[in-house]
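So, here's a batch of structures to check.
Each of the next two complexes has chain A plus one more chain, namely chain B in the first and chain C in the second.
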Partner chain A sequence: MKKVAEFFVEYFQFLDKDSKVVDDLPEFTNDRGFLISLYRSMVLTRIFDEKAVRMQRMGQLSTFPSSLGQEAVMVGTGAALKKEDVYCPYYRDQGVLFRHGVTPKELFIYWSGDERGSAFSGAREDFPIAVPIATQSLHATGVASAFKIRKQPRVVITMCGEGGTSEGDFYEAINLAGAWNLPVVFIVNNNQWAISVSREAQTKCETIAQKAISAGFKGIQVDGNDIIAVYDKVSQAVENARNGGGPQLIEAITYRLSDHTTADDASRYCPKDNLDKAWDEEPVERFKKYLEDYHDFNESEDLAIKDECSKEVDQAAIDMLNFEKPNAESMFDHLYENFPEALLVQYEELIAMNKEGGK
Partner chain B sequence: MTMITMAEAINQALVYEMTQDQDVVVMGEDVAGNGGVFRITVDLLEKFGPDRVMDTPLAESMIAGCAIGMASQGVKPVAEFQFMGFIYPAFDHIINHAGRLRNRTRGRLSCPLVFRAPYGGGIHAPEHHSESTEALFSHIPGIRVVIPSTPARAYGLLLAAIRDPDPVLFLEPKAIYRKFKQNVPDTGQALPLDKCFISKTGSDVTIVAWGAMHAEAMHAADILEADGISAEVIDVATIKQLDMKTILTSIEKTGHCVIVHEAARTNGVGAEIAAEIAEHGLFSLHAPVKRVTGFDTVMPYPILEKKYLPNADRISKAVREVL
Partner chain C sequence: MRYFNLPDLGEGLPDAEIQEWYVKVGDNVEAEQPLAAMETAKAVVDVPSPFAGKIAKLFGEPGDTIETGDPLVGFEASEEVANTSKKEDQGTVVGRVDSQSTILADDVTISSMTTTPSDSLKVLPAVRATAKKLGVNLANVKGTGPSGQITINDVKSFTGSNTSGQIQEGYEVLKGFRRTMCQQMTRSNDQVVHTTVFEDALIGHWAAKTDITVRILQAIVAACKAEPALNSHFDGDAIAVKRFSDINLGLAVDTENGLFVPVIEKLNSLDAGQMRDKINEFKDKVLTKSISPEEMQGATITLSNFGTICGRYATPMIVPPAVAIIGVGRLHDSVVAIDGKPEVRRAMPISLTFDHRVITGGEAARFLKAVINSLET
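Up next is the complex of A and B:
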């Protein structure tokens, strides 16, 4: 026997759960303004999620998947994107989308059950939310292929949950990304649950990161509750891809502190002990304490940020509620660029139906 | 007498058959520990254990392909797709293998399985969760497509589907999972596949419907009855292969036909029924057949779904137009 290949998976963490610095901090941690902007985005995401869950309970949204406890994964990823890069989301990554120019109002509109929420006024080339799990992984490879064909120094990031990495689409995407050396970064939000199915039931792999090895490129783990680790490693992967270094996979280890969505009741399957333990490690408090301990962040700054974010989210909710309702025939809008003449019959039928006050 | 919902009736049928037949197993995403996102498989894990009630990893192509392999060995999987909108990764296996394993092996191997999936609109679910694409599957030779419309029919038809030696796609109209109750005795009595049910007899018009639209058709029949119009309501139940005999016999009597489905109109199952009527029942008709359907649009998000879905008003109006 001879050994023909050998692999390992690295794990990165800068702040431990008590916010103590446990590794040499990267350069960007000297930029207090940038750190505060990361903190603000995490707070915004949390406040948005809390508001959305409340609005769903009041019947103002249809369903909503909170990212409670996963704000560092989202914001660290979003902050690594440049304006000209493209993001292919899943559905729990509002924090990424906010950093890339999507507005809280737009996501409220989307989750209220209205297509217009995906019209993204800011992130014009980003894909819309992908509900069919892992399909976005393949779209990301396509966008990355386009960048490569046109020799543009642009990068795609795509995200899915650890459950999503069981889908064929995910494996096909990483395989292609490796084979074609594509400028794409795969982020896996490993929040330990795919609805009720645990991380252990999902795969026998010790890490999700090692799936990248099967596709021929590097996969690493980061502490997903440590925004410094997430941002540092995602931005390195993005810049590496931009420089022709090919794909990477980053498994961010975190915990879903909420129900899967507002339609779920996690108390049926998620042991309370695990949840209590996970609350001790959650990312927002962890980062805040670090900012206090190492950057003289104070309570009044914190309150000002929280107040500002609450106002922004409340205003977005009001804007959504005041948004003019679509008319029925708008369901025919944007089906085709060149509307087939034969379809006009149905279009007119729908208009007539509503004129008669049809229910 | 125990009055139960369709959700409970499906669970009751699963428990009955799993108790009778050790070969029946249940698999899918969140079906074991969580009892299914619609709670259809609730308590099965406790009753039958993890060898027969299996949470799978998140992958639909795997669920279908693995179920086909199990079925070839005589295990009888009842595999759940969490929503019809997420079946499509499994399409390859359904069309290329489930539907033709018997045929390709000249009867040496077969595929006694049931694929269950909640389908249809009306519950304000997010995008991709509300469409009705039964027509796509009804075009596939070698599989049956069955859609119950009441708790009792769900119980009897699911038992029949599990006992059938060939693959059955069993689509559950989730809008009526818990909308009304019926007395469903747990006798293990199956209902026939490949047969329509006449839910209400009438003499002026035949309304053909299935799934959640069946209740709308029944409601429309009530509205019409008040105006002295007597509608016969047919629950198609087995969408493939269609029992045209029952429908044609009804039209011979009524001379009018309105077909209702919530799926998009073009190439929907209604088109096949209308084509059969044109071929074999044209001279029974006193007026053209009329379809009341969803539109050829992407299934709208919740905010417009009511404008898309047919309802009793639209159905009764269509009936008045053909009479």
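Up next is the complex of A and C:
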């Protein structure tokens, strides 16, 4: 026997669960303003999620997946994107989208069941939210391929849950990304639960990160509750991809503190002990304590941020509720360049019906 | 009054049950203050108030089921909204999901191995589970939900009175085995391509006190050996057949309480005495109503010996997934041509029904020939 290949998976953490610095901090941690902006985005995401769940219960949103406890994964990823980069989202990454120019109002509109919310005014080329599991991995590989063909120095990031990495779509996407050395970064939000399927039941792999090895590129783990680790490693992967270094997979280890969606009740399957332990390690408080301990962040700054974010989210909800409903005939829009005859008849019938009061 | 109608708390849920009220009539509530804990088929959730105001009416007590879109809470109207039309919802802005076709199509696919008439109905899994628990056949329940969907309340009220207002005067709703027979035969008629062949076995040479039923069972064993295709199960949805080396024979037994079909397992491994013991055991059990449902499952082929009552030939119906049933008619003296001359012989009329989707006419005829040969030996 001779050994023909050998692999390992690295794990990165800068802040431990008690906010103590456990590794040499990266350069950007000297930029207090940037750190506060990361914290603000995490707070905004949490307040948005809480509001969205209440709105769903009042019949104002059709369904909603909260990202409670995973704010560092989201905001750290979103902050690593440059304006010209493209993001292919799944359904739990509002925090990424906010950092890339998508507004709370647009996401409220989307989750109220109105597709016009997917027309992101501040991130025109970001993809619409993919609810089918892991399809966005393939979209991302496709977009990265386009960048390579056009010779543009742009990068795609996409995210899925650890459950999504069991999908054929995911494996196909990482395989092609590796084979063609594409500028794409795969983030896996390993929040321990795929609806009610636990991380242990999901795969025999010791890490999700090692799945990248099968596609021929690097996969690493980061503490997903440590925003510094997430931002640092995703940024490095993005810049590496931009410079022709190819894809990378980052498994961010965190915990879903909420139900899967508003149509779920996690208390039926998630052991309470696990949940209590996860609350002790959650990212927003961890980062806040670090800011207090190392950057003189104070309570009045914190209150101001929370107040500002609450107002922003409340206003977004009001704007959504006042958003003019689409006309019935808008269902025909954006379908064909040249409208077929058969549909034209239906279209005219619908207009006539509307004139008669929808009979 | 200003109404807050129950929103769809999951994804296409038809209703929710009030678990606890957090407010009472006369309370002033703030926007987003929790009003009630509601239990859906999926979760218990707090429902917050979509607006601030004074509670004028609560539409139910804990334990009551409220349908999605029906009023949950009434608020005292402020002046500017007092003129809006009654019961118009002012809280919910998201429409409810009226059609569940995508999800239900999946549901039907998953359950295709055990399709019953009610499986093709548009019913939420929670409603189906309730119906199963309460022993209600969904095919008989009239839905009052959106697009005629059956709700949990429909199922519950159906058990309350089986006559649910749909039964005409003088009719009586079938229960128990008659209801099961109705469902099984309807399903059989819908699915199976029944074809029947007839032949007489001439048994004049049999010794006195021959055990007729045992002889028939032995003939079936011989025929299954000659033509094993008839001793099979067929899954019509999957278009898949399962062959058996052992014969589990369903023996139809008529009683005052109805028809029972206990199953004699591994008929092929029993000798004549053991067959007779089994027949006697099952007849006793049927008459004393001590037969268990397990003892009436898994027949691979069935015998109906209706001739002990009356009738020479019949076109017996197959109960899927089986593919064949043998009917034995009344033994009688028959004039037959023997060597070109009429003679009187004892005859046993045999009717064999087979599912022509799975069994060819040749296979069925060869099977019948083997039965006759065995009986005439």
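Here is the rule we use: the second predicted complex is superposed on the first by the 356 of 359 C-alpha atoms of A that agree within 3 Å, B and C clash if a C-alpha of one lies under 4 Å from a C-alpha of the other, contacts with A are read in each partner's own complex, and residues count from 1 in each chain.
Here is the rule we use: contacts are C-beta pairs under 8 Å (C-beta built on N, C-alpha and C of every residue); 3 or more make two chains touch, one makes a residue touch a chain.
Since we're looking at a predicted model, the values are computed, not measured.
Visitor: So, on chain A, is it clash or fit between chain B and chain C?
Guide: Aligned on chain A, chain C clashes with chain B.
Visitor: Between chain B (first) and chain C (second), which does A:Ser37 come into contact with in this model arrangement: first, second, both, or neither?
Guide: In the superposed model, A:Ser37 contacts neither chain B nor chain C.
Visitor: Using the touch definition from the top, say if A:Gly113 reaches chain B (first), chain C (second), both or neither.
Guide: In the superposed model, A:Gly113 contacts both chain B and chain C.
Visitor: In the superposed model, which partner reaches more residues of chain A, chain B or chain C?
Guide: Greater contact footprint in residues on chain A: B.
Visitor: Answer with first, second, both or neither: which of chain B and chain C does A:Ala201 touch in the superposed model?
Guide: A:Ala201 contacts chain B only, not chain C.
Visitor: After lining up the shared chain so the two structures overlap, which partner does A:Asp259 touch, if you call chain B first and chain C second: first, second, both or neither?
Guide: In the superposition, A:Asp259 touches chain C alone.
Visitor: Once the shared chain is lined up, is A:Leu321 touching chain B (first), chain C (second), both, or neither of them?
Guide: second
Visitor: Please work out whether A:Arg54 is in contact with chain B alone, chain C alone, both, or neither, and reply first, second, both or neither.
Guide: A:Arg54: touches chain C, not chain B.
Visitor: Contacts for A:Thr63 in the overlay, against chain B (first) and chain C (second): which applies, first, second, both or neither?
Guide: Both partners, chain B and chain C.
Visitor: Can you list the residues of chain A that meet both chain B and chain C?
Guide: Shared contact residues on chain A (touching chain B in one complex, chain C in the other): 62-63, 112-113, 263-264, 268.
Visitor: Considering only the defined contacts, which chain C positions touch chain A in the complex?
Guide: Going through chain C, the ones touching chain A are 4-11, 13, 32, 42-50, 91-95, 97.
Visitor: Would you pull the chain A residues touching chain B in the complex into a rising list?
Guide: 62-63, 111-115, 131-133, 163-164, 166-169, 194-197, 201-203, 263-264, 268-269, 325-326, 328, 330-332, 335, 343, 346, 349-350, 353-354, 358-359
Visitor: Which bits of chain A are touching chain C when the two form their complex?
Guide: 54, 56-63, 112-113, 259, 261-265, 268, 321
Visitor: List the residues on chain B that touch chain A in their complex, please.
Guide: So the residues of chain B in touch with chain A come to 29-30, 33-35, 37, 55, 57-62, 85-86, 88-89, 124-129, 265, 295-298, 300-308, 311, 313-314, 317.
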